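In what follows, subunit A forms one complex with subunit B and a second complex with subunit C.
This part shows the complex of A and B:
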């Protein structure tokens, strides 16, 4: 049987960038829960959220969908037939 | 008070540095408090530089009570960490931030909320292995 193809090195570095941005969002979310009037933090939250969406779109365009059930778009044919899936890498 | 025992129960509150001793006299409980000074020794805050950030840890030690009949006595002294947020109070606005990658690696966005962990028992283990 043919070995499944491996993802390129850049897959991991790009995914890590997305993970780091999303962790910053987690922290800012928790911070804003207790500091709702911190305008600078709110601005940072919104710009970071935009950056996260941008990174995720770029990632999905290059390597395939990350999230199921309509949160990610798919090209034709249905991209979920291709492995590895995000939780396998 | 979580468990009050009649007849001479003994509770060791290591966090408060206070021992509370109960004594039963004529079916009435007299509570006497003893402050034990050398029971606990606290390390000086250690300054650690990591990735260009100054990090401070506050590690405390206590010696557990050991019954003379304990078949498996605990090793002492035992250390515990008091993370920095315990002393911070309400988080001020505009604290210095890690970069997103550093935040991911440290588990917090703010260097001021990061408490490093180094193994407090490492030196002790070395002694143990060298002594056989």
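This part shows the complex of A and C:
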């Protein structure tokens, strides 16, 4: 049985902000897959991707790495394997 | 290849132990029109679909794995504190005997995931299949929401239901794109 994992209340609101902006990117990606010539959507995609990267950097500084296989940096000791995993929070 | 991101696509908050709800939800985990079937179908079809819509199949297939993880998280959280007696009462006695508290790829009736995946190698056949599958999954989410009285679960299920609509829409556009391409070829 996994031990109960505690996160500060701010984790949920910070995570939700990141989920919201990354959802915009998923939605824009699928839209652009079938509307590749929509310049406004493309601009929105590129600016949203920059905002997402900034937000993710702040989130990772507070709660640890989000991305696997070297796409997020780790402090010492190795943080990637740390709980909580998404299904625990 | 793929990279894991250590977050769910959309929040899944579960405040109660409700194994009966988990039994319904598992339909979208290992059922015929569930998220696993969707992910495997699109990522399999993408190899032979015309290049114009390869990216779409690839990206929707990838998103389905994020949905699969959301469903698994709901099932896990709804059952993790259940007693064997509660699981039995919820109709998960057989599941418990075979799998304990593990989540598992079967449908709401307990039938193991079946590889009856539709992948014909014919672009129109595959895309119409995908549109139908998204609409069936949307219906299933609606039926589950209709019999659920858990507002937190229903919030997450509402998100997933909306995604089925968007995927269906994108697949319909893909059909039109391929039809346009075919028409162009005839003109030349």
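Rule of thumb we're sticking to: the second predicted complex is superposed on the first by the 78 of 89 C-alpha atoms of A that agree within 3 Å, B and C clash if a C-alpha of one lies under 4 Å from a C-alpha of the other, contacts with A are read in each partner's own complex, and residues count from 1 in each chain.
Operating definition for what follows: contacts are C-beta pairs under 8 Å (C-beta built on N, C-alpha and C of every residue); 3 or more make two chains touch, one makes a residue touch a chain.
Every value quoted in this text rests on a predicted model; they were computed, and no experiment measured them.
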Partner chain(s) touched by A:78 [first = subunit B, second = subunit C, both, neither]: neither
First (subunit B), second (subunit C), both or neither touched by A:41: first
Partner chain in contact with A:33 - subunit B first, subunit C second, else both or neither: second
Which of subunit B and subunit C A:19 touches, first, second, both or neither: both
Which of subunit B and subunit C A:87 touches, first, second, both or neither: second
Broader residue contact with subunit A after superposition on the shared chain, subunit B or subunit C: C
Partner chain(s) touched by A:65 [first = subunit B, second = subunit C, both, neither]: second
Common ground on subunit A, meaning residues reached by subunit C in one complex and by subunit B in the other: 16, 19, 23, 27, 31, 34-35
Footprint of subunit B on subunit A - complex, ascending: 16-17, 19-21, 23-24, 27-28, 31, 34-35, 38, 40-41
Complex interface listing, subunit A residues touching subunit C: 12, 15-16, 18-19, 22-23, 26-27, 29-31, 33-35, 64-69, 71, 80, 85-87
Parts of subunit C lying in touch with subunit A, wherever the complex brings them together: 3-12, 53, 55-56, 59-60, 63, 69, 72-73, 76-77, 166-167, 170, 173-174, 177
Of all residues in subunit B, those that touch subunit A in their complex: 90-91, 93-94, 100-101, 103-104, 108-110
